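In what comes next, chain A is part of two complexes: it sits with chain B in the first one and with chain C in the second one.
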Partner chain A sequence: MTKGRIQRATSPSGAPCSVQGSPSAQARARTSLLASLHAALRSRRSFLVLGVGFVLGFYLIFQVFPIGLTAVGSFFYWSPLQDRFDFAGLNNYRDMLADPLFAKAVWLNLYFTAAVVALRTALGLAIALAIMSVWIGKGLFRTIYFLPVIAPMIAVSLLWRQLYDPGFGLINVTLHAFGMAGDSPILWLRDTRLAMPAIIVMTVWKEVGYAVVIFLAALAGVPRELYEAARIDGAKPGQTFRLITLPMIRPAMIFVVITSIISYLQAFGQIFIMTKGGPAYATFTTVYQIFDEAFILYNFGKASAISLTLFAITLVISVISIRVMGGDDDP
Partner chain B sequence: MSRFETSQWPVGIRSALLGSIAACGLASAALAQGIVYDTDVVNDGAPITLEYWTPYGWGFQQDWIDAYTERHPNVTINLQSQPWGDYWNKLPVALRNADGPDIIGMHIGWASSLANMLEPWPIDFEDLDADYALSWSNMVGDNILFMNMSVIHGGIFYNKKHWTAAGLTEADIPETWDELRDVANRLTLRNEAGQMTQAGFCYQGAFRDLLVDLNYQTGTWNFSPDGTSAEMNKPAVLKNLEFMVSLYDDDGLCDPIIAETNWEGMGQERIAMGYVYNWVGGWLDANSNVDWGWFPAPVFEGAPAIGRNNVENSFAVSAASPDDKKAVALDFVRFVISEEDLVLQQVLETGGVPTLRSLLDHPLVLENPIAAESIARNMIESTVYGPIPVAWEAGYDYVRDIVVDGGDLATALAEGEAIANRRLSGLGFVSAERDYPNAQAFGE
Partner chain C sequence: MTPRRKGWAILFLLSAGAMTMVVPFIWMILSAFKPNSEILQIPPTILPEVWTLDNFRRVLFEIDFARFFLNSLFLATLKTAIIVYTSALAGYLLSKFTFPGQRWLFYLILATMMAPWPVTIIAQYQQMVWFGWLDSYTALVVPVMMNSFGVFLMRQFMMGIPSELIDAARIDGASEFRIFHWIALPLSVPALSALGIFIFLWSWDDFLWPYLMISRQEAYVLPVGLSLLQGRFATDYGAVFAGMSITIVPVLVAYAILQRKFIEGMTFSGGVKG
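The block that comes next holds the complex of A and B.
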């Protein structure tokens, strides 16, 4: 089969192809090359090699290489401004640990992640249960809750920044209209105590729809017979939820929690748009610190060290979460 | 004893030497002819395309390009205006990777960081100095790297309609901070519920600029004697900070929620009077219908300086550009700075005081009340020139946030100073503030 294709690629007339020669000869040579490639692709083994090679190449270039460079760079004084790439040993890590902002950033990261993951999971499940309980309009509610998820984080952050404006933002205007604003307007994004909760609320509003859709799918998969049997046995709603619903949707819950942890430990867009890490570093999370070190101070070495440390923190928290939630067991 | 110690030389020889030196000086001054542009053809007439990145939206940049490409039709210059923050985030990396612009929109705050990525201009300092004031401020080491065409500084903008409505006249323009308090009180309006509807005086969006100015007014340096580290945590700064806070908290001249920045608040006619840098005049003209007036910032008695001045950098050339593009880019910058009309466009649009001496009495420059008043008061000489890197600004930004939060001011200054110095370390920045001609009048 291969031989025949090569023969056909060589020349329809049987004449040998020549790279140097007339235009028609060059055209024949190109045809020959394409035919050879086509033949190679037709071979199952070659196709597999090419496919795997492409995927492997893609990951090597766009995943392994940047991560590897970050790992190596964390041991170097690396500054594009000073054209510097000098070995630093563990100094970037020492500098990171000595920086009071690093500890603060890690704490804020954990606080933000814990709050958003807990609220997203709990609210997502509550909303999903509520949607499951209605007779009509399930699709409509699902769409309404999912719409913010597909909106870009930048656009939503800009919108919420306006909503939080102390002077003319809708939130303060509404509170004032109901006499709940107090003597002075609430400085949502300028008060060090309120800025992070304000971003948490915005993030949960935007992202809860994803959890809702996952939980809806999981709830739809719980066999009705189980609820029917529980009802016959006289189980109360709380018992049914605790003993049937929760165990049956545990894989979905683990999925929501783990993907949320990984995602929110890397939260950046909303913080960059709404507070730029302020006021007074009150929303200065670890990824914002990486951005600050890398693209404001151009200290790529320290930024790399923080990146790898965040990777380790994410890995540890994810593993612990899976263990605690029993992700290794079958539901 | 060294043979070069001239006190041992006969008087005649010493006189002859001094005469020779003086003659050389005069000759070099006479030879300095200013910036001349006489290029007929660039790149041998072959087509060439340059990239020009800028963080500014000013229209004069395209006018410069049009004037240059009209003279050299074989040259195409693509102007890319980018958002301020994004621009400074990506520019250094792009320059280092040689995939950045050939011509760079510059700002003095980034001069020390970018210096080793900029191509020195093949222009004699004497020629530049013959035409431009503050010409030394364009240099890093021995190299001319960019061009400061206008000088801006802080001052007070006011809404003329509000001013008239409060029964104020030109005679009420304050010259001291106490006088400003009185005027601002008359401009402050509240509704029946006690909410502020019109702020009398704000420094929104200009917190650190005003604090730096007040420090200079009270003879307090902002950097250490060697110029490498920030000095914020000291009694004089605390006193100035307390003064600023008292304008809001005690006098009730401004409510921080009235606007995030003075230019926005003045554009919406919610702020009657505000401290801010000169460029805001152009911003108000472009974005509002406010009929504004301007006067220099009031001063404390015996102030050794009015404040700080900041130059508006025009452009620089990337050292990483290919040689042919670099040659055309350098020709472009010489062309622009040699053409008075092109420099005038920059000066008018930025609202600054021109550094090109021939423009100081230009009728169009003097039409701008800020430039006219600044030139009349010799503002360039009575303000401290000194670039401040963006890394330093984080310190006072932190202090500002703590002030809004109602925190302890002394603690805020101590923490702000620590933040600024942590960010300055390793930057290689050295402040030029103590080169101020009247530095000896500072108390420190």
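The block that comes next holds the complex of A and C.
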């Protein structure tokens, strides 16, 4: 019995304690039992084991296992509805490559990502520089440009669907009011040539403010003395921008570009709400194809194969962009 | 152009840009108070000619957005509380302790941030089928009970808490449990509140997972309810505008009150989850 062992351990004489032990010895034994129990619970070790056990358990069950299952499942005919999981070899990958929609979707994904990343970064920097240069309302401008960033994506996508409405949508109404509308209303989201640009514009509108705030913080961190020195040396504004501002904010630039690439390669909500991949697959990006294969056709094997390919594409593009942006360290 | 003119030109362009950021929201709110016939009217009105609350009545009680709103509020609050706590705990363990494999655990958490959502969501769906969690809120809460960005953020923040404070508490005989809750957590409040705002907004906006998991309409959250408006009720324009306003306006109001915290919360944590 634990109690006995503790008592024995604490008894200096080593004699076994019994019922007829002195009351003070009994009390001492009881306190030391409580103390050791308490000590076990509050020790660094048990706190660490419980805490790390929880974190590791969570990650193994809800992150590592699913990612592993996706990797394995890409080699299986896999459907959760029919409870099917049969070995398929490379057939899912073959299927994917043979599917004409796959190449189209990858291309659309790259086109969408490149356009949004470029516009968000360039406009974000331009707006941040403009805000730095004005003499009033700096804080107000920052607040307003950040407004769409905090608004929920699904609701904003639905709002833009209304803005693009050919009849009552504010965009066509405005064009009409300025006499810039043609004979027939522009069918933004129902025109195969305009649907993707329309979604790109909406995404940039929604998220440019994020880049603005990041660039504002970076610009505020550039030491004033550098600009002073450049002015005294007679540098032109273009030179100052190229030789001082750009190199000083490069970390912010890399951050904006990389996080944008990763998130826009997997953009989904605006496409789901605004066009559902249409019209005629004009906005059918890779993520939309994965959604379609997985949750419309319940073809989990092929969907997994495409997902892993997307992951690989994400990694390759991120590494290349880091190389390119970090590559000209000494001009 | 003289520098002065140039300054005015920049101010003008900035203001025009700011207008385009705000006008869609104003149009949304004003349209929500117009009857359907007035929304479609040509030429369009700016302010409603007839102010009506009927759109809100339909969307709140006939399409049940009142219920969706409460569901969203409940889930976002619960998820925020849980995730903020687990992030702080994991961040504390990773920054103030050393244990074997610590570095690898940290790399594992960072690596999951790189994986696009389709890589995990497909197998997670299968997992929920196996666990029998389909159509329950367990599926919406338990698999997202920890957030890698939250852990990363809290680890970085807690590295800045002086270890002497923690050691002093240990010498005074405080238990580890107590040290975490009474020293580490209170000192991390600035980071915790920013993280909380980020997680709350992310949960408020979370669409695909609840859309896949929940089929009972009374358990829908707001973004799933909005997809219903985009589908079945797409021609009830008044209801669509009212539904969007109900989803967006509370967030905008909270932003107006706490804007510095919002910007903080979003800029060190945004752009990670799709």
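Everything below uses one rule, namely that the second predicted complex is superposed on the first by the 283 of 331 C-alpha atoms of A that agree within 3 Å, B and C clash if a C-alpha of one lies under 4 Å from a C-alpha of the other, contacts with A are read in each partner's own complex, and residues count from 1 in each chain.
The rule we apply is simple: a contact is a pair of C-beta atoms (placed from the backbone, for glycine too) under 8 Å apart; a residue touches a chain by one contact, two chains touch by 3 or more.
These numbers were taken from a predicted model, which means no experiment stands behind them.
Participant: Let me test your reading of the model: by the given contact rule, A:V64 touches which partner, first (chain B), second (chain C), both or neither?
Facilitator: A:V64 contacts chain C only, not chain B.
Participant: Using the touch definition from the top, say if A:G167 reaches chain B (first), chain C (second), both or neither.
Facilitator: both
Participant: Of the two partner chains, chain B (first) and chain C (second), which one does A:V149 touch, if any: first, second, both, or neither?
Facilitator: Second partner only.
Participant: In the overlay, answer first, second, both or neither for which of chain B and chain C A:P80 touches.
Facilitator: both
Participant: Taking the superposition on A as described, I'd like to know which of chain B and chain C A:P279 touches: first, second, both or neither.
Facilitator: In the superposition, A:P279 contacts chain B only.
Participant: After the superposition on A, what does A:F47 contact: first (chain B), second (chain C), both or neither?
Facilitator: second
Participant: Is A:D191 contacted by the first partner chain B, the second partner chain C, both or neither?
Facilitator: Only chain B; A:D191 stays clear of chain C.
Participant: Counting only touches as set out at the top, which of chain B and chain C does A:L158 meet: first, second, both, neither?
Facilitator: The second partner, chain C, only.
Participant: In the three-chain superposition, say which chain, chain B or chain C, touches more residues of chain A.
Facilitator: Larger number of chain A residues touched: C.
Participant: One more residue to check, A:Q266. First (chain B), second (chain C), both or neither?
Facilitator: Touch partner of A:Q266: chain C, not chain B.
Participant: Across the two complexes, find the residues of chain A that touch chain B and also touch chain C.
Facilitator: Residues 80, 167, 295 of chain A touch both chain B and chain C.
Participant: List the residues on chain B that touch chain A in their complex, please.
Facilitator: Where chain B meets chain A, its residues are 89-90, 92-93, 96-97, 113-114, 116-117, 256-259, 390-391, 397-398, 401-402, 404-405, 407, 422-423, 426-428.
Participant: How about chain C: which of its residues touch chain A in the complex?
Facilitator: It is residues 7, 10-11, 13-14, 17-18, 20-25, 27-28, 31, 39-40, 42, 44, 86, 89-90, 92-93, 97, 99, 105, 108-109, 112, 114-127, 129, 142-143, 145-146, 151, 175-178, 180, 201, 204-205, 207-208, 212, 222-223, 226-227, 229-230, 237, 240-241, 244, 247-248, 251-252, 255, 259, 262-263, 266-267, 270-274 of chain C that touch chain A.
Participant: Which positions of chain A touch chain B when the two form their complex?
Facilitator: Against chain B, chain A makes touches at 79-83, 99, 166-167, 184-185, 187, 190-192, 278-282, 295-299.
Participant: If you look only at chain A, which of its residues touch chain C in the complex?
Facilitator: Residues in contact with chain C: 38, 41-44, 47-48, 51-52, 54-56, 58-59, 62-70, 73, 78, 80, 127, 130-131, 133-136, 141-156, 158-163, 167-168, 170, 173, 205, 209-210, 213-214, 217, 259-260, 262-263, 265-269, 272-273, 287, 290-291, 294-295, 300, 303-304, 306-308, 310-311, 314-315, 318.
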